[in-house]
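So that you can tell them apart, the chains are marked A, B, C and D in the order they are listed, and the count of residues begins at 1 in each.
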């Protein structure tokens, strides 16, 4: 049960079988930082190239293909005062005939007040003025090395996690990821101070983060897609296009979970899910879209 | 401002240019009933053939193509003690490879306690026992006659409304529908005592309803897709396949609304939506799927 | 075996349960005309409003729900010298990010030389000059009244046929359509002198047609989707969005056909289709897209 | 203009920045072999693990990011007498409700007569008997290292090529691939003696191949998606899900090609494509589906 303080010095543009930066054991906690999606750190310095650069990978001792990695987000919080968003909804999120009406894709700047827990729009000047939103810090991209020796861009997502941009990945949540390679090889990055569903402008309020997480290992537990839980819900995550397929992955994973781990018979799982399921939209911007299938724990 | 008490005696399997059953004026209130999706009424008697039979159409005096009909749900509540759900998630909602694992599609029976506001599973026998859920009564299908003289099955949805199966269509909500024909020709049916997101088993808890609604007319106000509002949110509805396209319709409609009626400039609308938008899943069962784009009123 | 000469005097914007214009018997032939997609006839006069106005419906004596209507196109040919196309690929057929690069949607004019069997571009002036293409006359939209009393816009398609814009619907082809209402109620229109796959500019070379067709009736033969055959192929048609779903419908219908009518066992049907199937794209412009699943007759 | 005779001794399960096995120059020809999709070679021996193992990568001297690699298939032919197909159409290619009717996914065996140019079904026993098909040898999977240091499974496809399973990739064709890394790093594998459109059973007749190809380099020529040409057509390839998106990629690439390299103005390119385009379906089995946009050279 060691707590590691780790300061990243280089970053990855792919999630894959890269050289581990730290070896940790099940039960260990890591205190570290992530840079923003453009490669800037807490001092606002460009320390790596952009596009969701990832800290890690963290090698989890004894993790083997066929296990599940449980990743608890202990703490996720911006570690600087400026964040950025895009100014235009993405072309793929509006009617094709409406694309010509989209504003130019530029950068908006937000002032983050970490003490008060708010983010305020600084520019451009719009009728929103200095719109001020409550912080809801979440991690946009994290995952473990995918199967078959693949190294996959941090702009997309799959069964191994990746750039899911789900607002539910906040401090207090436990995420379960399937292990495909020895050591699991955990990566993290792309913190958002605030984000709307779907990450429809292609960004949350992009900012560098202080991160603390704790890992556990579920030996011999096989899962197919990321799972998670918070105080009120269990949930499963599907990453694919179109959204329909992401829903199919997440729903299938939930049906399996209910029957394998919650002792429900098939009929019970289906009847329960039919009347109590909820769905959230992760991102609808990346090559793979994300849908989340949720079930309130009170019904379990 | 008349209150009409109307008892339906026949029902429609399509939403289209049918003979009006009642003429009402803007500002009027109608107290009526709907039968369940299988055509059974409050006494549990089969009064019409199944598949979301609709009461109506109600002709709204002075409504003309190019207007918008505002429909306020004053009261929506089950008017009998039994409801039904399907027992299996639909094949299109799970991975194609998982379809073989689906249970047979049969009917589950629920006891509705209207005084306590609950629904309890009666059969089949599963590990859920007599699972008891709080009522959350909503109307699955309603709409106005579509354009071009079309009459469209009540199993699907479009710009005119239809079978959207959105959990947010509850008492207290105001829905806005584009008027395509003189009198608008409003239809209603398909009450659900409870329903999960996506109506993924193809049913909510299907039951007959007592319904009270009030209409207003927004003369000369053109909209493209259903809109709505409750105390906390404004929202827009897209109906299409795949879900991606439903999101596109709903998001485009919201961008128009923000700029036309809430005084936002384009940049402001995009920046706001990017960080504050929420999406809900209506049904993912019908020929047309439904996605809802929501914005909290506190940001407007 | 009567040959009817029928001159249409009014047209329909929906395919539905409209009053028949002519009653014909199985075996009968009809010689008639269709107007172009904009409602103009052989004299280039506007005789009805636009959007694929349909001649008919033709009532086929003795056709009942559960039968199949066999429709043989004896003759399909332009009956005037001018046709029109759109000048821009539709926004939904290009990358969302490329929509801004599309030219404005205007009308191009083509001179049809019926004797030589060619169509030549007249305007606008482009580097194509007077591009001259061989005629390949096909019927873009035809179908029978859909089920459940529906009347559906001639801009879309479904199990009943409709606006499929498939280049394979030429003279010499036999099409099979499921009968949903007494008399089948056959509609036809939207002739194209030439058309690319996908009807990606939203038009073929739109022109009025001389049409001759002969109907037969397959009593008690149930099919789910349009089927067809020419000298070399049998084929099935799926109409839906996205294209994936259209492929699913067409492929499922072909698997059924091979097993029900060609005496193949399931394994044989699957192995054969796997190595010998071909797919064509009908339209990718309308609300419902069209995919065609083909199998060369030589393997049957 | 060297001809290299290269015998592969190891294979890759990903297309990525792997150690080159041979360095070649623009203008050079390579005579080599590929193993089948299951990792078996000409002697039918298992020489590597399955799933489209790739020979290569071949490093093309002087190839740099921003160039285009022209790959001419001089010769593609089976080099042994046995091939294999799957016996069942994939679950994602049929209606979800029809999945239960699919036969079990087993292996069919085919005898290849290389002298006569045919493949005959050996087993299982079906009503097809010893169905004999003409060989149409094509390469299912090939590509260059993708951008951003990615290594991507040979089961899928993207802008870099990959597992496209397009029947048009036969001897005599020239394919153009965008270069993302120094040396381009060309991979090849997954030969099919015969294949239906869509590779809907998940296989062609899988067999090891003799391969001869010649490379050229188009310095400074940027393309976004694979392009190709044969005697009659130019074509572009889109790889994505759903098929709609694959069409969008391919069509956009074709519009660019016509305007950049064939001297067409935008209006001319759109008008021409609208009436003369053809589409083919590559695979509809892999994570990314493939659509091909074709234009007859006679119109250029």
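List of remarks:
What we mean here is this: a residue touches a chain if its C-beta (ideal position, glycine included) is under 8 Å from a C-beta of that chain, and two chains touch if they have at least 3 such contacts.
Computed from a prediction, not measured in an experiment: that's the story for all the values here.
Remark: among chain pairs A-C and A-D, A-D carries the greater number of C-beta contacts. Greatest Cα centroid separation from subunit B: this falls to D.
Rounded to whole angstrom units, the spacing between the C-alpha centres of subunit C and subunit D is 33. Subunit C has its Cα centroid 47 Å from the Cα centroid of subunit A. Note: centroid distance subunit A to subunit D, computed from Cα atoms, is 34 Å.
Residue positions of subunit B with contacts to 2 or more other chains are 92, 96, 241-242. Touching subunit C in their complex are the following residues of subunit D: 85-89, 92-96, 98, 101-103, 108, 121, 124, 126-128, 131, 133, 194-198, 200-201, 203-205, 241-244, 247-249, 251-252, 255, 263-268, 270-281, 284, 289, 299. Across the complex, subunit B meets subunit C through its residues 13-14, 16, 51, 147-153, 240-242, 245. Residue ranges on subunit C touching subunit A, taken from their complex, read 90-92, 96-97, 99-100, 242.
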